[in-house]
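Next come two complexes, and both contain chain A; in the first it sits with chain B, in the second with chain C.
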Partner chain A sequence: MLPLRLLACLIALLSLPAAAADLVVVVNARSGVEHLSHDEVVNIFLGRYRQLPGGQLALPIDQPSALPERALFYRLLVNKDLPQINAYWARLVFSGKTQPPLQAANPDEVLARLRNERGAVAYIERDQVDARMRVVYELPLLP
Partner chain B sequence: MGNSCRLFGCFLALLLGGMSAHADEMGDDPPSLVLRGFGTLGAVRSDTDDAQFVRDLTQRDGGGSKWTGRTDSVLGLQANWRLADNAEVVMQGVSRYRPQGNFSPELTWAFVHYDPAPEWSLRLGRLGTDFYMLADSRWVGYSYLTVRPVQDYYGTLPFNYIDGGDLVATKPFAGGLLRGKVFAGVAREQSPWGNQQFDLDGSLMTGAYLDYQTGPWQFRLGHAQVRFGHELPVEDFYQTLEALSPGSSQQLRVKDKLTRFESAGLAYDDGPLQAQLMVSRTSSDHAAFQGTWAGYAQLGYRLETVTPFVGYSRAFSHSKQLKQPVSPLTDLFLDEFRCDQYTWFVGARWDFRSNMALKVQYDRIFGTADSRFLFRNETAAWSGDMGVLSVALDFVF
Partner chain C sequence: MRMKWQHSILLRYLVVAIVAFALTSVVSVLVMGTLTGARAQQRASERLEQLLDTVESTVRIACFVGDHSLAEEVAQGLLKNSEVQGVRIEAGGHTLASLSRGGVSEGGAPLVREVHSPFNHQQVVGRIVVQPNVREIARNTRNEVDFVALQFSWQVSLLALVLVVVMYQFSVRPIKSMSDRLHRMDPQAGDRLPMPRGHANTEIGRLVDDVNELAGRLVSSLDEERSLRMQREIDERKYHAIFENAETGIFIIAADSLLSSWNPAFARLLELPHVEDYEGTLQLSQLTWENPARLGELVLSCLHHNHARAGDMVLLLKNGGRRWLHLVFNPVGEGLVQGVVHDVTGHKEAEASARRLAITDALTGVANRLGLEERLEYLLRDYRLTQSGGFALLLININDFKRINEGYGMPAGDDVLCTVTSRLSSCIKSIDFLARIAADQFAVLLVNISRGEDVEHIAGRIAFSLRQSYFLDGTPVRLRASMGITLCPLDGDDTPTLMRQAELALDRAKSDGGDTFVFFDPALAEAAEARRHLENDIRLAILRQQFIVFYQPIVDLQAERLAGAEALLRWKHPERGMVPPDAFIPIAEKSGQINEIGLWVLESVCTQLALWQSQGLMRRVSLNVSGRQIPDGLPTGVLADVIERHGIDPGGLALEITEGVLIADLDKALEWLAAVRELGVHIYLDDFGTGYSSLSYLKRLPVDTLKIDKSFVQDMSADSNDYALVEAIVAMARSLGLRVVAEGVELAEQAELLRQMGCSHAQGYLFSRPLPIAEFEAMAAKLGG
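For the complex of A and B:
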């Protein structure tokens, strides 16, 4: 039994992109934000309360939905699948309450917005972080 | 329609004003106009023709022992016109089975949304009514687990939108988020009464709620009230009462009188687990609509792409003691508003592909024979019991 379970684990690990487990939440380095709590990240990305600790409006950015990063991010943040996240947004969007995070067309757009917009908040892989961004929250590694 | 046209005019003016004010910021901003839609293809049938099952009191007739697509099918289109990071115009049109018995599209939202600060949100125009928790997304099937909002609880609400405004304040508090909302406006809709309509146009609706969200928990206390703008379409009946006993119709008239809706909601949403518990109480200054208690509990658990759910709901009413009863006429009239029933429901939602879900649900309703308020076209044989089978395909785009 044990080898079988090991094999299953291995397959599960292999089916994930190699570096995907190392996602970090980053902001623009000029935002003045040093750290975000788990609840603050949830509030910003689920549209409940989009204020950065410094008082500025937070502008969350989603990775393109075709990429595995987006599904992984919501899985690690709130343990939800994309269909559940989509259903959540259907309620808020069609009741006219809040808009979902801006959906970037490609990963480069995420980086460009992070560098250029002071309120930008996004999740990227750790090795993409550069001097114009600051890591403010580390997502838990996959169990 | 005249009102809608005027509304459109107002928004166009606001829109153009807003556009020019923010034109310089539109550089490489995200698209300023986003079109989206939602819909449901639903079919429902029950096991009896002694009463017809309706989704809510805006429907004049409903499902019997033959399948019908009218009860739950809907198509909605929405445009969000972004004026700035904190301002937008939202328009929504919906085609569903209307009180008049057709699917003519109607303008359900048309408002300006402005957030002067992250803590404050202001909306003005035609907007959804937050009567109860989740009540402003009742037609967006994709957003919830069940085929339709629990009928014992939401079925008595014939209100979908108001022309008015609302203001929301949100504040971090004790590790969670505290949110308060006030709203006010006038209703524009109708509720069928036999072959006629109970005209809600001009009824003043006001309300407020206090909401606290922390981790997976959300609590809400709400109060809303309606001051009716018109009488029920039963003037002949009132006249008959007056002829038999002068003054006896007064307590049964609703115009300029209040009906109040108090509610408490509790939602738990953690990973695959979703649970809701809601209770409401309705009371009136008049004696026509009976005081009603309603509530439900619902539990769902996601297993990969399938989420089975189960729930229980209950609704019961009690009529007021009339000062001037006219037997048996007033008793017969009050019986029209009577409900005393409970429902067990079970079903599953299958998210079989992106932005689409297939649902199946079975409701078993147990009621007294005089539980009629939430049904249509009851016959003398109506026992109060009914089984209802529903299937639905929900989508968003």
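For the complex of A and C:
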């Protein structure tokens, strides 16, 4: 089954615009964080820790669900699709106290929050990165 | 019927089945309980693992995030399972949630599982510890085991029940019904086992068939046995009845002659009580036998030779009588002898009476010839044993007795014989013996006498006594008796010799004229021997043709020429020369050889006659016929046959008979003569004048010619008595129309006298002696024939 699923993923990725394929995790430039490990990115975006390495409260931000970046991000990060991620959050939301990352209404809000909030962490297209943001983790490219 | 449980197959089977099932069940339940318990434990832990599996993803999330609420939520969910006693979820070194139900938590290994990150399976983010509810699990396990055991027991019980029912239905019940039926069954009344339904082809069916067949065979064997027994019983009864009712005495004795059993007939015959009534022992030999030793011999011989023996024994009866018993002994083995007894007294008496009769003369009551011979044998035996007690045998012949019978009738003759008997008895002693051995012949045995003088004395007395007159119808008749006497042991010492000697002496007495007695003389025996010798020679003479016919011419006195001839027999004996007829004819007559000789002469004469007749010579030849030849020695049929065969004129043939032939049986002789004359053959009466026949006989006799005996002719002279006699005969013959031949003419003077008195023919030495045929022709020529 795995090869089939992999094949399906490959097809989905290929259908994406080539330009959108290069996602990076970025933080506010002022946050003082230079680099994040893959586990740190996972812990932050999936609710384990909400602190950046410098002690700064982390504020993860999700791209809107309608955009392909979000699905691609989680695919590349933990190899899960969106329904799985949604189910994960549903259990935490209904029984526990942990909250999912902030859901941005549009890509601009992501960018805006990156620029304005110190603890903001998000994933965006590499070409959308500007000076107020710092790339702390580069998601691996699609093989 | 009450029976102990071990005596019932069903109950036995039930007990065994129940015990077996119970044991099986217990063992099975124990084993299954252990197995089921172990499996239930394992399943319980498997269930807990599965329980953990169901919550694993949530626990991973809770541990990953370190969310107490979610962990608590999961723990509470787990606790809802009764087998879970407590749950603790730990993450990152501290407990996220720890819940447990109330009550004592018992020991038991907790289930610990590490919790991995939902996103990285190598990364352990916490652990979950589940404390199983041991009591609950044990209870569940027990329930399960109980249920399984119950179910198993129920199944086993049902199976056992089914088996018992099936066993009862298919085996025990048919067997029990068969058994009950067999108990009541009477095979001889035709009872048989019914076939249990549905078992026709099963083992039980075969068993029923076998039992029925066995019963059938048993019944038929019993029937056979019974019929055999009945047959044996009937046989036994039958034999018993035969034994009891037999007229024959039946008994069994041991070797020592001890009687062990006898039947009523035996008791009757031997004057014994019934075998049942007899006490003590009884020996057959101790009975009142006349000769017990003979009985012992018989029994011992029977045992010794192992063969049946029989004998006649005399039993002396209590009333003084005698009983003849015929005993047969039969060895039956083991030293036993079975015997039968018949009363043969009647037979013995009849036998004795018959023997007495056989040796007794019925008319006179004295012994007959057989009796005489028996007595002779007895005396001879006695003499031989003792060499003493000589005796004399007298044969007494009543001469002329035939005349009494013919003249006065048989009853008169019988009277005479009885008188003779009584006279003889009175002449002898009581120890002497008298027998009548032929019609007119008596015999007397004078015992204890040896001297001829004494015998002569008694013989004289007898002769005197018999010479006395007998009265027949008041007429005194005298009889002459001849006696021949022989003495034992002087003359001989065996019966045939004595009898022959006495007969010879008697013959001699008879030929001496009777009325006298003659003692046997050896010369008589010699004469008899010579006579027997002669008889033999005669027989040979016939065979060897030693006889010759001579012819003596008979001349016609009136015509003075040959008329014929008398054929005369001559015997040319090889040693003795010519034997005269007188020397052998009487003997031949006595022995019967005369018949054969007579036929030979007839044949010879007829041959000669045929020759002469063919030559035209009319000669008549006469030949002598003996009285013994009439009528059967020369049957008229044979005579006719001979005449015809030779083709002769019967008128040329004449038969010469003497008056003697008339004495024997006149009627038959007359008949024969008539038949001969019928053939045309002439009859000459020979030796006429010498006999005593009356003239009335002559008248009745069918004769043609008389031959005057030469005794008259020889002494005849012109003035003698004989001349008158011959003349009378010639005259008488002429008057009766008979021819006359004078015999013995030797002188021419006689011939002349005869011719003068009218005698027609003559023969004698004057003319010719008898001549053989060769010389006869010459003489015939001389005589003018």
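Brief remarks follow.
One rule holds in what follows: the second predicted complex is superposed on the first by the 129 of 143 C-alpha atoms of A that agree within 3 Å, B and C clash if a C-alpha of one lies under 4 Å from a C-alpha of the other, contacts with A are read in each partner's own complex, and residues count from 1 in each chain.
Criterion: contacts are C-beta pairs under 8 Å (C-beta built on N, C-alpha and C of every residue); 3 or more make two chains touch, one makes a residue touch a chain.
Because the structure is a prediction, the values reported are computed rather than measured.
Taken together in the superposed arrangement on chain A, chain B and chain C clash.
Contact with neither chain B nor chain C is seen for A:Gln128 once the two complexes are overlaid on the shared chain. Ranked by how many residues of chain A each touches, chain B and chain C are led by B. Of the two partner chains, chain C is the only one that A:Gly47 touches; chain B does not reach it. In the superposition on chain A, A:Lys80 contacts both chain B and chain C. Contacts of A:Ser95 after superposition: both chain B and chain C are touched. Contacts of A:Leu59 after superposition on the shared chain: chain B is touched, whereas chain C is not. Residues 39, 48, 78-80, 88, 91, 95-97 of chain A lie in contact with chain B in one complex and with chain C in the other.
Chain A meets chain B in the complex at residues 39, 43, 48-51, 57-59, 78-84, 86-88, 90-91, 93-97, 99, 102, 119. Within the complex formed with chain A, the residues of chain C that make contact are 58, 61-62, 64-70, 73, 118-120.
Interface of chain B with chain A (complex): residues 30, 36, 38, 76, 78, 80, 82, 85-86, 88, 90, 92, 109, 111, 113, 117-119, 121, 123, 127-128, 134, 136-137, 140, 142-144, 170, 172, 175-177, 213, 215, 270-272, 302, 305, 351, 354-355, 357, 396.
Here chain A touches chain C in the complex through residues 39, 42, 46-48, 78-80, 88, 91-92, 95-98, going by the rule given at the top.
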